[in-house]
Amino acid sequence: MQTTTPQLAETIGALGLGAADTGAAFEVATGPAWAMLIPMLPLLGAAIMGVCAIMGVRSKLPAWITVGLLGFSAVLAAAMYAWLPENGRAVSVAWEWINVSWGDEPGQTLKANFGFYIDSLTCLWMLFVTLLATLIALYASEYMSHDLGAGYCRFFAAFNLFVFSMACLVMGDNLLLLFLGWEGVGLCSYLLIGYHYKKHSAVFAAKKAFIVNRIGDLGLLLGVFLTFVHFGTLEYKDLFPMVQPYIEAMRQGSISDIPALVQLIPVLLMIGAFGKSAQLPLFVWLPDAMEGPTPVSALIHAATMVTAGVYLIARMYPLFLVSEWALPIVAWVGGLTALVAATIAMAQFDIKRIMAYSTVSQLGFMFCGLAFLSSVGGAFHVVTHAFFKATLFLCCGAVMHGFAGQLDLRKLSGVSFMKGWGIVGIAMLIGCLNLAGFPFTAGYFSKDMILAEAFITPGPGYQFLGVILLLTAGITAYYTFRVFFRVFVGPKHFEPGDELHGHDGHTDDHHEEHGSSSHGANSDHADENGHTPGDHEPLGGSVEERGKKSHADPEHFHPHAPGWAINGVLVTLAILSVLAAALYFFPGADKAHKGWAGGMISGSTAALVVGGEADHPTRLAAFVGAEPEQGTLFGQDPHKIMYYVSGVIGFVGIAIAFALHYAGRKESERSSADNLLQVKPIRTAHRWANAKWYVDELYDFTLRKPLWAASQIFHLIDKLLIDGLVNLVGYLPRALGKGVRPSQSGVLHGYAAAMAGGLAVILLIVLLLSL
Amino acid sequence: MVSTFASMADFLAPAQASFPEGMGSVTLAHYLFVSVAMFTLGLIGFLTRRNLIIMFLCTEMMFQAAGIALIAFSRFYLHHTGQSFVIFVLTVAAAEAALALALVVLLFRGRESLNADQWHSLKG
Amino acid sequence: MPPRLSSPLGWCVAEVITPLILYVAVIIGAVGVWMALPRKRVNPQIIGGLVAAIAGGLVLIGLGIRAREVEGGLPNLYFYVFAAIALGASLRVITHQRPVYAALYFILTILSSAGLYLILAAEFMAFALIIIYAGAILITYLFVIMMATQSPSEEEVDVLAEYDLQAREPLAAVFAGFLILGALSVMIFTGASKLPGEADIRAQAPHPDHMLQLLPRRVERVLQDEGLISGRERIVREARGVLSLDPEARTAVVARTVDLDGDPAGGFIPGSEREVVLPDHLRARNVESLAYDFLNRHPMTIEIAGVVLLMAMLGAVVLSRRQVDIDDERKRQQAERRLRDAEEARL
Amino acid sequence: MSESILHVLILLPIATAAFIVSRPANEAKTVALWGSLISLVLGVVAAFQFDWSNAGAMQPEVSLVPWLPALGLSISVGADGVSMMLVLLTLLLGPICVAASFSSIKHRVKTYYAWLTVMQAAMVGVFIARDILLFYVCFEFTLIPMFVLISIYGSSNRKAAATKFFLYTFTGSILALAGLIYVIWFNATRVPVEAFAGAGEWSFQIDTLRQAAVRMSPTEQGWVFAALLLGFAVKVPLFPVHTWLPLAHTEAPTAGSVILAGVLLKLGTYGLYRFAIPFTPIAAVDFAPFIGVLAVIGIVFAGLICWVQDDVKKLVAYSSVSHLGFCVLGLFALNTMGQSGSVMYMINHGLSTGALFLLIGMVYERYHTRSMRELGGLAAKMPVWSFFMVFFVMASVGLPGLNGFISEFMCLMGTFQSSDTLAGSSIGATPGVLGPVFAILAGTGVVIGAMYLLMMTGKMVWGPLREPKGHDHDNHSELPDDLNAREIAVLTPLAVLCLVLGLFPTPVLKGIEAPVNDTVRWVHEHGGLRLYRDPAPARVTELSPAGVVTPELAAPRAGGER
């Protein structure tokens, strides 16, 4: 690996990284006071929801308040973006949060204000967060309509709190406020996943999500400690100037004089990012998080929260660049996660879980984007992915809402041809095209930027990683259209889900176990009431078994089409996903920045290094000078080549899906893919992939059970050993007393004899001594 | 009358005026031996006899043994404190006798028997 | 008195014989006493008594030989008489089965001790012992014994209380006792030589007759009886009322008093002093020196002794106050019941 | 702040108790409540009178009520920033405990409230004592009311729990007394009179003893520190000596548990802060890694035990052991961040764990069971209770935005940065003896904390409703299903405080920072730690028996002097 680092350094040097104008780049203007409103409005909203809950409001009022407030903060975000161009960076402080100082030296004061750091990266993130939040709130107003009253208020309170935390995370001007947002979103995902608290699986999934996030947060916390210990401050405006000398050292290519501690910081921060964005080691919580209502999955587990990890790395990009090992690790973890998640998604039957795994996979792409030094690609993919993944989730939500909780793709077919479901079908198609990377869709452009970089950025095994990503892109295309062809097109057929009679209350006590893919196995903490991880056969079981179980009479059930709110949101989101592609062409301040997203990134800390990526050829020219053979892909400009390659792969994926799942499929149950299963290796591969490569069981076996046994042992040690010793000390005097008691026999002679004997002994001793 | 008394004393033992050369043969050790022997007999009596009164009698004997030793020392050291101390020994013996006998009467009235082994209610 | 070993032969005799005799005597004494203790079986009490007496005699003779070896001259006979009686009687006290006889033997022991006191020139104490001890204390003992000894019913006249027949763990007691005796007597033997010698005693002790200086009236009365001083003559008082009398030289300075009827307090006529030689029989008697020592050195102890006696009296009164007037029949039933309880308790 | 108000703060509760006893039983409740409310108001007034700009110094300047001048005994009171905060915490918990036990205490009401109020006086006495006499008397006196509360008003095997609690803590404090007396003796005999004010004579004043104790030789300091540590460690429950706490908590009545967890455990840590560390700085520095290890074991060990608990009160009790592990870790980080974090921890733990005990008590009053197996899913039946439970669980898990996080972060940060090796290279680190390894291990405690507390919430709050078998639906106790107005009134101030301290900790932090800075500076100068990367002041040289030691102090940094 050693060989590559000089190249890495030289590349950074070549890219003209490092802000030449060190001084000017970092002076920070004081931000507008109203910028603070963006996070404060949702907080106010959460408070209002609390009041509604106390007052027992049973109307849809909470939803309208939330939509209103979030809409207003979206407008403010836009205003902030508009206000931004002329002065780059600004900080507006709400109030002084933590301030501990033990001296006046630079490193002797830890100051963390409730301050908001406004630069282009913040605007980029806040725009799509607030926009999506408003739309999904509107969607949720109808989706959650069947449990108005306390549940409704609780949902929207958590929803508002989530947006507040996300705003703090993104806009925080110091790592501590980021950490507050970080754990805040963790809390809200806990509350929202556990929304249907009557269901054991929901409660269990919520706990699992919170604890796995907490493990990630521990890594982040240690990163924060190390940052303060080394740099003496946590605030961005002081932190980044202090990183510059290390970037200079990196440019000179002398890695050795960057202290090991500094190189360790990004590794720790990365652990936090992986925990929050469900990357390989800590991804087990995201699929189970689908227990929560669909708007939650759409907003939190598809669009906003999971991108927090990407945001962290983008924000702390200077640190990541100075560390020799940080970016390669991110690349490889991202790449492997993408592959693993894609393979699992292929074998799932529950459409929401497929979408969840696809999110994990796409996040892998984003991390690779950042790792391949194209933070522009990563960021742009975040934006496009947010929109089309939200569309896909909301379509699935609409289907689930309409078909009484039915999510199994074998139970549904030809939905878009049913009356009233046209819009959902079209929105789904647009989403799938984007996800699959169909040429000229937004997803296509953003994924290309990442894939192209894979082949030209020098780094340990990046080329091989590029190939993996290409393969994953193909698999993504396949499973996306597998869902589309199985559910939305083909012969019309449907079966009601198990929430049929659920309409009178979203879940009632005797809600029989859904038995879907929630294997109950989990990475760290199996639920105590015994979800044995043995349940491997594909979910849902055969039709007869399903029929018997669902009490309602299937004949006269008729799905109810989504209302105006859901359709409206789906239409807007579909349009936005399409428009997102335009952003790639929308000319930013100057052509060099590769579209709008590039412009936004270049102005922020994330770009401080990537700047100077002016136009493609000059960069290439710089390369040509350095290492001609490694810089190009098949001799041409990598991006141009990637357009064709990824387009072809997209087509291949869609074609396979079409062949297997649409051509000649008579009913929803079987498809030509099933006869593929007869082939032994494919069947076992399918079984393993369906069971999530047994990662949950692995964690359960290696972490949870030994920890549980250790705790039992500790409990025993505490009860017997330590407590035992204390009781022993209590028992000793009594035992001693019992021993001595018989000597007091009460008989006179006894005492006399004792005295005489004593006297005799004494005299003898004196006698012996005196001889 | 006094002189006859004095002469009898002289008969029994030459007056103290002259140092006891005459009786040189009986040394202090003799008296001490007698005293120790009497003390031992008293002790054995106290240990072996069950009858309460005899036990107290034996204690009296031990007192008496002490008295002999004291007088012997007083005589051989020509110092009268020994003798005056015997008076105190007597007072203690008297006090002890009075109390012990009152106790014995009480105990006897309680149990109609003098056997020392019957009273062991002070068992621990 | 510490033996002065004059001849080597004397040394070996003293060294070899006496300790050996002592040990042998002690063992024989132990065996004797053990046999003498009261037992239910046919008890060779008398033989035991004899053996013990022999042992006692052996020791005393041994002491005698040792003394004679050292001193020369016949041992003072009376000491041995009284010692033998004392030890014999005390042996009988502990071995006799009938309590009354034990008390009577104890009186005999007291009398023989009084004899020993007399030999030791402590006349006052001898008689005090007889009067107080034998006279008062032991008589009370006899009262209590009489009262407490169960009156035997008509048919068995001289049945003895069961607890008087059998001695209790005789072997252990005797062993312990004679162990102490052996140890003490060896100590006496070895220690005796370490006691201060005759010269030291004489040096420390004041002249036996120094008491005379403190007894003005007695000395002056004897002198008047002998006619050595005239009516108005008194012995000259030195500081604090001490008579100017020299016990060594046995002379006293006499002078005529100013006061006509002979009261020395008024002072003396100077120049009328003259020497008077004291008559031979004028000696300080034991009672006087004892009284002086008793009252002068231990005033506080006397007070305490008084308090002790008062307490004893009070105690006795309190203890015997509860007059439980229950008739004999119920008393006996009570006793039987208690005996039965005691038996069950012991089982 | 005048001395008289402090005296009143001690005497008022005693007067209230006397008044309670004199009044008939049915009035005991109200009298106790009003008494504690008045003392709370007085506390707040005192806080306003307190000169926060100079929080470091003991206020009032001089306060000496001579009691036995011959022996140098006097009652002197005074409070600095830290004591003021802890007094306010005690006075706040007072009325809350009284109000919380209205419905649960039915028999022997007068004794209950009388003892509860008297304990208030003792606890306030400990925090504002400026001389060892008052400190130790109050320190010991707190045991008696607690013993009475547990042994009379506890649940099943309360007798054993009460006796074990009393004897265990009592033996501990005897050792502490031994250490303190040695220092007093040392000051009276070994320190020459002209060394400093009050030297050489029999004085019990904490300030004089502090200056004297520093002159002890390292071996003497080691022994005195060991004695003080043992004494206070039992009270803190540091790891090996903690077994009395779960027993005492499960058996204590609700209010007893709240007071025990809220304030009594803080006596131990306050003792360590005020006596163990400043009196014997060299030994504190030498022992710090050892105690750090104990604290970390405590955190992880007790945390894991919580995870396997079935009785919810025992779970919260063990969680107190784990939480106070952080507190002690912060204390022995020997830097401002760590120590002010641990003082904050004392306050926060008092609020959040006190509230948790109140919540458990409310459930116990309704269902008379504490087993998580029989009882669960209360969200359906008791939504308000569930809201508070989730809120306070999040507070004690250390969710940022609530108070738990501030103290937990500062303690871990203090531990992380307090290492000499780091201090050499990084500007953010401070000289100290713990280090990143301790912080990482203690950090796992944060995850374990989330595990067991969420396990508890998952069982008690979420999930389907499970009620104990014997519980018939028309629940016989007169309490409504969900919380009644009184219970909500008891919980709301705690909740508001948790939120306010979480978002606006600066006033409290600034109040604590000044005294903590002085202590840290004192420890660093006399403990041989390099302060602010100056050249290490020579360790206080061996005290020759006759002579006195003049510790060569490195000139404190010009800028650093506050």
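Letters A, B, C and D name the chains as they come in the text, with residue numbers starting at 1 for each one.
The rule is simple: contacts are C-beta pairs under 8 Å (C-beta built on N, C-alpha and C of every residue); 3 or more make two chains touch, one makes a residue touch a chain.
Note that the coordinates shown come from a computational prediction; the quantities given were computed from them, not determined experimentally.
Using mean Cα coordinates as chain centres, the one most removed from subunit A is C. Counting C-beta pairs in contact, the chain pair with the highest total is B-C.
At the centre of the protein atoms shown, by the Cα-centroid criterion, sits D.
If you average the Cα atoms of subunit A and of subunit C, the two centres end up 109 Å apart.
Per-chain Cα centroids separate subunit B from subunit D by 72 Å. Subunit B has its Cα centroid 105 Å from the Cα centroid of subunit A. The centroid of the Cα atoms in subunit B and the matching centroid in subunit C are 6 Å apart. In subunit D, no residue reaches two or more other chains under the touch definition.
Residues of subunit B in contact with two or more other chains: 43, 47, 116-117.
In subunit A, the positions touching at least two other chains are 749, 753, 756.
Of all possible chain pairs, the ones that touch are A-B, A-C, A-D, B-C. Of all the residues in subunit B, the ones that touch subunit A in their complex are 43, 46-47, 55, 116-117, 119-124. The residues of subunit A lying in touch with subunit D in their complex are 95-108, 110, 114, 150, 176, 179-180, 182-184, 187, 190-191, 194, 197-198, 200, 203-204, 206-207, 210-211, 214-215, 217-218, 221-222, 225-226, 228-233, 259, 261, 509, 524-525, 527-528, 707-708, 710-712, 714-715, 718, 722-723, 726, 730.
The touching residues of subunit A, when paired with subunit B in their complex, are 741-749, 752-753, 756. Residues of subunit B touching subunit C in their complex: 3, 6, 9, 12-13, 15-17, 19-20, 22-34, 36-45, 47-51, 53-54, 56-58, 60-61, 64, 67-68, 71-72, 74-81, 83-84, 86-88, 90-99, 101-106, 108-118. On subunit C, the positions that touch subunit A within their shared complex are 168-169, 172-173, 176-177, 179-180, 183-184, 186-187, 190.
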